[in-house]
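In what follows, a structure is listed as structure tokens, so that the remarks can point back to it.
Which chain is which? They are A, B, C and D, in the order written, and residues in each are numbered from 1.
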Amino acid sequence: MSKKPWQGRFRHDTSDVMERFSQSVSFDKRLYRQDIEGSIAHARMLGERGIIPKEDARLIIEGLENIRNQIEDDSFNWDPSLEDVHMNIESALTRQIGDAGSRLHTSRSRNDQVGLDFRMYLREEARRIRDLLVELLRVIIEKAGEYSGTFMPGYTHLQRAQPILLSHHLMAYFEMFRRDHGRLAGFMNTLSASPLGSGALAGTSFPIDREMTANELGFSEVSRNSMDAVSDRDFVAEFLFAAALCQIHLSRLAEEIILWASTEFSFVALPDSYSTGSSMMPQKKNPDSAELIRGKTGRMIGNLTSLLVTLKGLPMAYNRDLQEDKEPTFDSVDTLSGSLEVMAGLLAGSSFDRERLETATVDGFITATDLADYLVQKGVPFRNAHEITGKIVRDCLDKGRVLSQMSVDELRTFSEYFNEDALKILTVQASLDKKDVPGGTAPARVQDAMEEARAFLAQIDTD
Amino acid sequence: MSKKPWQGRFRHDTSDVMERFSQSVSFDKRLYRQDIEGSIAHARMLGERGIIPKEDARLIIEGLENIRNQIEDDSFNWDPSLEDVHMNIESALTRQIGDAGSRLHTSRSRNDQVGLDFRMYLREEARRIRDLLVELLRVIIEKAGEYSGTFMPGYTHLQRAQPILLSHHLMAYFEMFRRDHGRLAGFMNTLSASPLGSGALAGTSFPIDREMTANELGFSEVSRNSMDAVSDRDFVAEFLFAAALCQIHLSRLAEEIILWASTEFSFVALPDSYSTGSSMMPQKKNPDSAELIRGKTGRMIGNLTSLLVTLKGLPMAYNRDLQEDKEPTFDSVDTLSGSLEVMAGLLAGSSFDRERLETATVDGFITATDLADYLVQKGVPFRNAHEITGKIVRDCLDKGRVLSQMSVDELRTFSEYFNEDALKILTVQASLDKKDVPGGTAPARVQDAMEEARAFLAQIDTD
Amino acid sequence: MSKKPWQGRFRHDTSDVMERFSQSVSFDKRLYRQDIEGSIAHARMLGERGIIPKEDARLIIEGLENIRNQIEDDSFNWDPSLEDVHMNIESALTRQIGDAGSRLHTSRSRNDQVGLDFRMYLREEARRIRDLLVELLRVIIEKAGEYSGTFMPGYTHLQRAQPILLSHHLMAYFEMFRRDHGRLAGFMNTLSASPLGSGALAGTSFPIDREMTANELGFSEVSRNSMDAVSDRDFVAEFLFAAALCQIHLSRLAEEIILWASTEFSFVALPDSYSTGSSMMPQKKNPDSAELIRGKTGRMIGNLTSLLVTLKGLPMAYNRDLQEDKEPTFDSVDTLSGSLEVMAGLLAGSSFDRERLETATVDGFITATDLADYLVQKGVPFRNAHEITGKIVRDCLDKGRVLSQMSVDELRTFSEYFNEDALKILTVQASLDKKDVPGGTAPARVQDAMEEARAFLAQIDTD
Amino acid sequence: MSKKPWQGRFRHDTSDVMERFSQSVSFDKRLYRQDIEGSIAHARMLGERGIIPKEDARLIIEGLENIRNQIEDDSFNWDPSLEDVHMNIESALTRQIGDAGSRLHTSRSRNDQVGLDFRMYLREEARRIRDLLVELLRVIIEKAGEYSGTFMPGYTHLQRAQPILLSHHLMAYFEMFRRDHGRLAGFMNTLSASPLGSGALAGTSFPIDREMTANELGFSEVSRNSMDAVSDRDFVAEFLFAAALCQIHLSRLAEEIILWASTEFSFVALPDSYSTGSSMMPQKKNPDSAELIRGKTGRMIGNLTSLLVTLKGLPMAYNRDLQEDKEPTFDSVDTLSGSLEVMAGLLAGSSFDRERLETATVDGFITATDLADYLVQKGVPFRNAHEITGKIVRDCLDKGRVLSQMSVDELRTFSEYFNEDALKILTVQASLDKKDVPGGTAPARVQDAMEEARAFLAQIDTD
């Protein structure tokens, strides 16, 4: 067991049980890059301000770069008895460069250090996840383009409701993931303030330059209150929430893919490369990728719950409970990244069955609303038109017929407002064309929406 | 049981069990104002565009205004068999004005209607809650001003750590609630698009003017995809999250108030008007207000969980599951509003005990970090200085002494770097004064922070 | 505002804001019956033990019975400024019978009183919910009997997997709800100990007879530690968990009903009485009852989360946070009761379409596993048999054929072990008959399972 | 990439992205012992029943035992492209023993296999956790014995309420953890039925003996419905719930330890071996062990939420979503085990400060309830006695006095019922002695409770 850097005041060693229980290096070593980058900026500032000798600052920076290399070529020895990534790196530094290393932690506490590292980590991950979202948005718009013109039943309550375009349906997911993309942009704004220099809770006694380190590390401002800075985990909660909501959107698309890939729907054929088989049943090809994405919504909501529960009722300022912010976050980062990648691959490799989709739309009653609207246009109040049409539908059901089998004379037994032109409005194409409002499923409107979406993606590329 | 507006197609009545189970009017009548406002804008637009007769539009608007009055003077008869607030109002309208009322629902579905109403509702409530947050911010800054200069122990791990100013401590909460205030501003931006005109899921067949209704109702744009528009509840999730996180901040302050009001701390005396007694123990005065605020964090996290679970795995577009978005939202609105009001009153009425706070700070070891920093300033590497100071502390503990009882000679047995000036840095005031960094607890820095905060509040007032 | 019973020690009144925020009578009046029953037993015991005059005990009991009548005929005046159901009833009693009423609370605290009332409440509700579960179990077994012999595709991953009996499928839900029924039985055992007599936290100074009240109120023992007794909410958490898990089972059945009622599956026709229509689309008949049951799973999980969060980190003994145990519980009781009733009605009124179910089963590859098993019986190791069959399936898919169209000669090109008898095992009936293991879907085995289930229900009736 | 055992039917390989996303072997290899034990029983039965050659069964058993050794001496090569622990072991077996290995999976699916393994795993872990609970119970009773007779303030609302014994306070936790112990016993009963033989969902075509494998593997019965058996995760939910509730109990004790270890309370001194220091502040000794236990309540509730969300709305039978049951469970097993061990060590090493505890009890008003009870015994109705005493307390507060400073004459100005003997009942010892009811804090009652507890532990030892 290595000596703890804080052991001066203690008489007895940490028990083995406690050491295992409280160490975090097994997972927080994932922050090594941010930790080293932050320490380099801190050391440079200490040197510039004459708080430590310039030469020591140089040695520290060089030493930290060496350690980064050691970690990256896997020759670094992580020691759980040194608790966390911060102490592991600082201890190695001092072993490697001597006294200068012992000066690194001047005017700093693990409390502001970990706040800094974790913000930097999430800034990078949020950026990466936004890129994955853009990839998925691109796949969606490509698929929408590929099946431009293909129509299908639109569902509410999983009942066929009105004809829509497949591309309109897919573009609904474009909107969801666009919001997720925007939410992560908003999230990154909440990461604008550097906590470094807040010390353990009160600030520091040394004449440090907080703006200097903040700027070097890409922050636009410094935190305004040292006690808040070391105990604030709002940014973690915001990330976990944004990630969970994005996974929920993925779960909706996953659910639809699972439905569509069933024999009963047969709307889509999934790629072998994102499907799996059965250990027992030789004929099975299962949409496991979509099921896993749906199933993992549980852990994403669980991770969010986990952090919120941990934060509840904590007094000021730092409490060790806050160490519990890391693992749910790492898990949500990995789960969401993986789910986005898999969904992009799965969707890109899927083929929709145009014929099945369109055949399913030529359903007996899917244009009933258009029939009611016809009556409205003839002057019948909507609520009456709705009722008349409902009765026609019931009559058809009783007689085992569908709307398109009705003659005008028959229609007129329900309302005298029906004329020859009534039959024309019962076609799917007529129904689609008439949904000619912004956001509607009329083919021209869907084209507009796709163009706007492509422009949105193009603009992101130039950002 | 009233006739359902959709009953045309049905042969059998809804069962009583189902009617009770599925009705939502008992709670969603809370949306009546938004529902009527939205319907008025819709009717006016229908009239303008010639979709319904202008005279009918006038009758509808007048009729809806009457109904609003009836609801507000409690003479409106809510009927659960009419399912929800929307059908109750529409049915009453038709009963009251006849055929014209039957035209109101032209080119509209309950799906886009409820999406509209709920966004308008949350816009109003978010505004109101932001006002309550500003009130609380005002109380905090006033308290911070009232106790300007009072110092107290700063805690980490609930152990005394370093001296801080009480106003610095209070201002940490200012930062938390300021973030909540900003988060709700961001939330209101997510409410910018009107879903009206999205119909059931596909848009509508009528030549409506979506921008017209959007503008009248205070939206800056119209939603881009009709299927997304009727099934999107991201805005509800965002509200529930922002509300839960705000309640967590309240729970932290509540926890501290409970601690401070204990006999052991005795840092604060709570007002009778926010305390309660015991049914059995006559001497008790309990901080129930703070306990309830803390306890209610459960339901706020529960409400968020509730909605996220409901959304998981829902296929497109609208599903009845979405009705479950209302009750948790209403509850979170009420709980957060109440908690903010109570916290403002509780804090405003609390008196801090300056003497207890300051006496607690003159603790044996609270300036130990300053002693270590002293050594660093003499050239000792921080990690060594930390260890030396740790040993001095342990030596004091063993001998039942405190730091200020050490003589310079004794200190020098631990490190030759100690000189006469070492003793001066052990005072609380010296320790505070030295935390002279942005965000630090040095009195001048805290004054700066309070001025910035006052300017922030003043600027909100002029907004 | 009424005078608080604990106001002696206070100088100032409770603020209106606080009164509204902290009152619980608006919801906990639901406990009035248990509260009165508990108080009657307490008063009788106090009289028996001579702690209060026997005559006073008699007056109290009579007075409480009157109050119960007043509450039940709605002539009781609930006063929110009296905080809760307990104080409302005690105050009314004293107003009505004078001094004797002031003796009721002798040797009792609201802490043990509410613990008692809430346990009694949950005991009754758990019993009622178990009855509703039995009703649902009965409906399931009746449906299973009605469709005895009907076969359908069994699904895994929502892909057709192997033929099963519809009654086997339904009986899977019998097992889930039987476990829920058993879980509630276990829950009721955790309610065996009466907390009455634990006082505020320490017990009481009076020579009460705890066993006497426990027996009268149907408890088999008294709680063992007064501090635990007043702050333990394990039983509430257990109930909320059992209720949430039951709702999850309901959500699975609801999901299947929604799928089966889709046009694509068309396995079931739902009763009009548990379906609803659309405000816009006249042809729609939606499975709203099932959707609501599925959607309400959110609040059931949310209610559980809510309580667990509230309990986290509470020090001993009673804290006001515990008041937050009631509303989620009442909501879970109502939600689960309603969902069970609705599911029973929905299922009872549903008609399965035997032809669609059986036609769907005569699918090209659903007996592929039987083909692999055939090879195993000829001596081919299973893993090889699985692979051979997989290749046959792929070959069929490539050629647009199904298994039953293969000749023996063709089969023999994949494996020489195929003989004439291979074709016979490809029928659905053969596949079903062979699943002749306990718990398997062979018709005889399913009959056995249904008999066991009927016996289980019969035995419950005689309990 | 290894060949998938189900690849016969597929044309294209699994994508790398999907392989990484869907593999579970990195975590489910933890089930290797149960998997091998289950497979051995299965192979033995297959041999006995003549379904595979007896010699093959022998080879399989031997081969599996070898693989177990390889895994345990770390020479086994886990291959993520083989998806999970089951396929890794089966593939290795076939590589090592040839054809016989290919027969192992006869009449079995991964669906019943994983259901079996996971039940066996949780049975073992529940047993181990119960042992850890017994250890903690032992520590509690020892501490309670060590401080027998020491009194302290009992708190409600974190306000001093009535005098209690420290051992009474500790024994409240004995009751909580005893319930947890019992809850895990109940949980183990829910694991009584073996799912093996349920196949993928329908049972199996081979004449297997389900009772034989069930008995060999320690199950008392076989599952009753094959579809339920492969998709039921109630047992996992039950475990996660029981574990979360136990952690909540730990969080309450942790909260109290943190409070008691603060300078303000100073009721307890924690062992160095379960405390840690600060990276910046040399004097700090922090109760990190207790904070971590409290903080980890978040993940325990999060894990439960995670599974419940995953289960919501899943249709029958097995879906890949169910793979998500493992990681939260493994995490809850580890977290709870670690927390129990740490709490036992922390508590065992803690020293309570008798003097501080008892001095804190001799508080001005802590026996006010006894004063009220005195009046009741003189015949004053309790509610009046409560009010009189409240006024006495307020009078004392106004005059800066405490109850014991009142003379009888002064008391009599509040009520003529006060006599000389009133002053005697104000002592802590008198107050304690009078709480002489079952479960009360009178020293003799606490002794009884401790004896009962010791008997409970002794009886567990002999079980």
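The criterion applied here is as follows: a residue touches a chain if its C-beta (ideal position, glycine included) is under 8 Å from a C-beta of that chain, and two chains touch if they have at least 3 such contacts.
Just so it is clear, the model here is predicted, and its values are computed rather than measured.
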{"item": "Set of chains adjacent to chain C and to chain D", "value": "A, B"}
{"item": "Duplicate of the B-D contact set - from C-D, A-C or B-C, the pair where over half of the pairs recur", "value": "A-C"}
{"item": "Distance from the mean Cα position of chain D to that of chain A, given in whole angstrom", "value": "33"}
{"item": "Computed distance of Cα centres, chain B from chain A, in Å", "value": "23"}
{"item": "Sites on chain D at which at least two other chains make contact", "value": "5-11, 105, 111, 156-158, 161-162, 199-200, 259, 277-286, 288, 291, 294, 297, 301, 304-305, 308-309, 311-313, 319-320, 369, 386-387, 389-390, 393"}
{"item": "For the chain D and chain B complex, residues of the former touching the latter", "value": "153, 156-162, 258-259, 261-265, 277-288, 291, 305, 308-309, 312-313, 360, 363, 365-366, 368-369, 371-372, 386-387, 389-390, 392-393"}
{"item": "Contact set on chain A toward chain B in their complex", "value": "5-11, 90, 94, 99-107, 111, 154-158, 161-164, 168-169, 171-176, 179, 186, 190, 197-208, 210-211, 222-232, 234, 237-238, 241, 244-245, 248, 251-252, 254-256, 259, 294, 297, 301, 304-305, 308-309, 311-320, 369-370, 373, 376, 381-384, 386-391, 393-394, 397, 431, 434-442, 445, 449, 452"}
{"item": "In the complex with chain D, residue positions of chain A that touch it", "value": "4-15, 17-18, 20-22, 83, 86-87, 105, 108-111, 199-200, 271-286, 288-289, 291-292, 294-299, 301-311, 319-324, 327-328, 338-339, 341-342, 345-346"}
